[in-house]
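This is the structure, below, for whatever I ask next.
Naming follows writing order (A, B, C and D), and every chain is counted from residue 1.
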Amino acid sequence: MTEFVDTAAEAVASVRDGSTVLLGGFGNAGQPMELIDALLESGTTDLTVVSNNAGQGDRGLALLIKERRVRKVICSFPRQSDSWHFDAAYRAGELELELVPQGNLAERLRAAGAGIGAFFTPTGYGTSLAEGKETREIDGRNYVLEHPIRGDVALIKALAADDAGNLVYRKTARNFGPVMAAAAAHTVVQVAKLVPRGSLDPENVVTPGIYVDTVTALTPRETQEVEAA
Amino acid sequence: MTEFVDTAAEAVASVRDGSTVLLGGFGNAGQPMELIDALLESGTTDLTVVSNNAGQGDRGLALLIKERRVRKVICSFPRQSDSWHFDAAYRAGELELELVPQGNLAERLRAAGAGIGAFFTPTGYGTSLAEGKETREIDGRNYVLEHPIRGDVALIKALAADDAGNLVYRKTARNFGPVMAAAAAHTVVQVAKLVPRGSLDPENVVTPGIYVDTVTALTPRETQEVEAA
Amino acid sequence: MSSQTSPASQTSHSAQPDDAPQPGQPLSREDLAKLVAADIAPGSYVNLGIGQPTKVSDYLTPEQQVTLHTENGMLGMGPQAHGDDIDEELINAGKIPVTELPGASYFHHADSFAMMRGGHLDVCVLGAFQVSAGGDLANWSTGAPDAIPAVGGAMDLAIGAKEVFVMMSLFAKDGTPKIVADCTYPVTGLGCVSRVYTDHGVFLIETHEDGPRLVLREAYGIAPEDLVKRFDFPVVIAG
Amino acid sequence: MSSQTSPASQTSHSAQPDDAPQPGQPLSREDLAKLVAADIAPGSYVNLGIGQPTKVSDYLTPEQQVTLHTENGMLGMGPQAHGDDIDEELINAGKIPVTELPGASYFHHADSFAMMRGGHLDVCVLGAFQVSAGGDLANWSTGAPDAIPAVGGAMDLAIGAKEVFVMMSLFAKDGTPKIVADCTYPVTGLGCVSRVYTDHGVFLIETHEDGPRLVLREAYGIAPEDLVKRFDFPVVIAG
């Protein structure tokens, strides 16, 4: 059952030292910035972070890396024009990197949530990122065997949650949210608004509440109910 | 690009003798009855049909089987109180059956659409339905290797399509539609209504038009536009 | 299907007098459903299999806030539909028309079975032909040579929840327990059952370092000491 | 990045006089984008990679009814957003704010990459460091030992469409062709490229029974016969 908490600090209390944390977002779109700030504030460390990027500028994941709270990053695209904190930590040998093609990252997360033990993907076959991995030819095409990526906690962002924990997202901010919600043992969501049970059309729910453990709204509930979707 | 045709007969013209046809539906919900009737009318034969059930009563798939137009059925639940045409053909040795657990059926179709070469699933491990299949223990759990099921043509039913071919479904009639649409080389959809481009909220599209090749509406377009979602 | 057992059908292991005090009566099918419902933790996501398990929903209370899943693509399923509420596009896995509760959601078959396979449901309640002492489940096929096979979602359900509860009558028509050392019917899944609710007793299949252990939590209509003697393998009486 | 080649950089294979008639000029970047756009079949679903390929969208006509995919979860992407239309939750794979066209749809990352991996896109247009004569693509890493690696969706895009078009300048700064016998840069995908659009020529990589064949469809700013001599492996001139 989904719990609703008032602050981002309470929401991230399930993250422990050494946890694997799935962080939603593609660039800034869908990045749960307030939850990451609360994680920074909480002092938890020795984290493995799974995210498409490895932090930009001087906020969010970039600050977690700057403060050396991240032991390892599993991502597809760490190097960006403003990823200076990642760059510094990586070059200093103080941050482990597992580089994963973006679609394999998404599918490995999906596999974790879907109870798939491993899967053969064509992406990366014959490249250095598949070195040492099992390969197989199936029906004339070559594949690499990839395994699930599970999280202890997922921190994601959605547009709205109802009282059942059902989520809807907004435009390309949806990105990794749905697969990460299913891939983590405990999923924490920051939403712009909470709406009453029954106000989301059951046909349009993207992430059912079964995948959502903790929700926090960035604005007080009272002011939001009138805007219910 | 999605084509729109006026009749179910035109819609099923892509089915050839010997085709593998994916038939949507769980029981009667989501079963594209009018497309199946047109297929019956068309005379195509020697079909391999992939569907959750194997026909009920004296309509739809049951009639295709009665007429011996189906060479093989891949399904999870052929035997029902009113599956007498399947029962008769099967007992007569005139119909091949590949029995697949329902979730493996759905996931094998999903794999076909998603370009996954094969996947390890826990479902069926240690049972007679996994006999002869490759198995593997991964992280202490036992899995069976399953391969994609691809269709030449998918025949499915949806609630509405817009001019871009985007689909929305209705309640539990959604069932196999989305995965079958992606798993077939050519996807044919019967819809209750056609709506103008832009009238489906992009957040709520379930099957994007890229998966939809042919659409036919069961009622004339003119009378439907006013009811656009 | 529940078969009352006569003393004559008891095995020779039974050394206790047949007239030992019986704590109450065997459970009726309704009482069994009530018991299972009461054992489901508040806030759980639950799939109730076709047949006897469906009855559990009659005894779930609103306070429990249990969300029902049906594998044909829905969470938040309500009671069976009647009369004008019947909608042939809103059915459960048994193809019976049902209703939709506020907070429901629909999804396609691959997403629905991913939800089960991924271990997100808390409890799945299933019927069975047999359960082994180690938690193997047999409920999809009698193995009769002339039977037309059909599996549906049985094998997915068997591995599709954090806990799998089985509901069945304890004894077969010949008086032998349907909890067995090894399943003689074709199995649906291995080591997947965690509890067995029967008319004569509730059994827990516990995981221990030295393997699974079959524990009798409570007996109904028969003394625990007598009940465990009906098995030709060890059954621990909960202390 | 386009490097004009001087006669001095031509290989010794060149026996033709340097002043042979040149059919027109090498293609500008704009002309190249125009050419690619014109080659995309009407009604296609297309993914345009970051950088030079993005320019192709400027030359797609409404009559072509091309639907653009962006791998971060959208079909029906419109042009870049400006001013008040900028929405940081509506971006393309290059993280540039874009717009939404009527008929668009949003989906999550696993669904988006399933769409690519499953071969549903008709065309993907990518930049490259090198392409091999057999269609291997190298566009994700220079292989420099001190570089921080980043792959993003490059390897998924390489195998993620029915046809993969590459757009690049034909010659490297040292004058050697970037279509090579074997890639010296780390590969992104094997045998995945079907056409290479360059300033000096358009090349088709055809599949034949005896293996892939590199065909020069048209040369720009240089005679076809001269162009093929710049390669140290066979290039067939389209007849």
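Definition applied: contacts are C-beta pairs under 8 Å (C-beta built on N, C-alpha and C of every residue); 3 or more make two chains touch, one makes a residue touch a chain.
To keep track of the chains, here are their UniProt names: A, B = 3-oxoadipate CoA-transferase alpha subunit; C, D = 3-oxoadipate CoA-transferase beta subunit.
The structure displayed is predicted, hence computed values, not measured ones.
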item	value
Intersection of the contact lists for chain B and chain D	A
For chain A and chain C, chains touching each	B
Reference chain B; chain at largest CA-centroid distance	D
Mean-CA-position distance for chain C and chain B (Å)	31
Distance from the mean Cα position of chain D to that of chain C, given in whole angstrom	58
Junction residues of chain A - those touching two or more other chains	107, 110, 114-116, 121-122, 169-171, 202-203, 206
Residue list for chain C, restricted to those that touch at least two other chains	74, 100, 106-107, 114, 116-117, 159
Chain contact graph, described as a line, ring, star, complete graph or other shape	other
Pairwise chain contacts, counting only pairs that touch as defined	A-B, A-C, A-D, B-C, B-D
Residues of chain A that touch chain C when the two form their complex	1, 110, 112-116, 162-164, 166, 182, 197-198, 200, 202-203, 205, 208-211
List of chain D residues in touch with chain B within their complex	42-45, 65, 67, 69, 74-76, 100, 102-107, 114-121, 159
Chain C partner contacts - residues on chain B that touch it in the complex	26-30, 52, 76-80, 86-87, 90-91, 97, 99-107, 109-110, 121-129, 142, 169-179, 206
Footprint of chain B on chain C - complex, ascending	70-74, 87-91, 95, 100, 106-110, 112-114, 116-117, 136, 141, 147-156, 159-160, 186-190
Footprint of chain A on chain B - complex, ascending	107, 111, 114-122, 136, 138-139, 141, 143, 147, 168-171, 201-204, 206
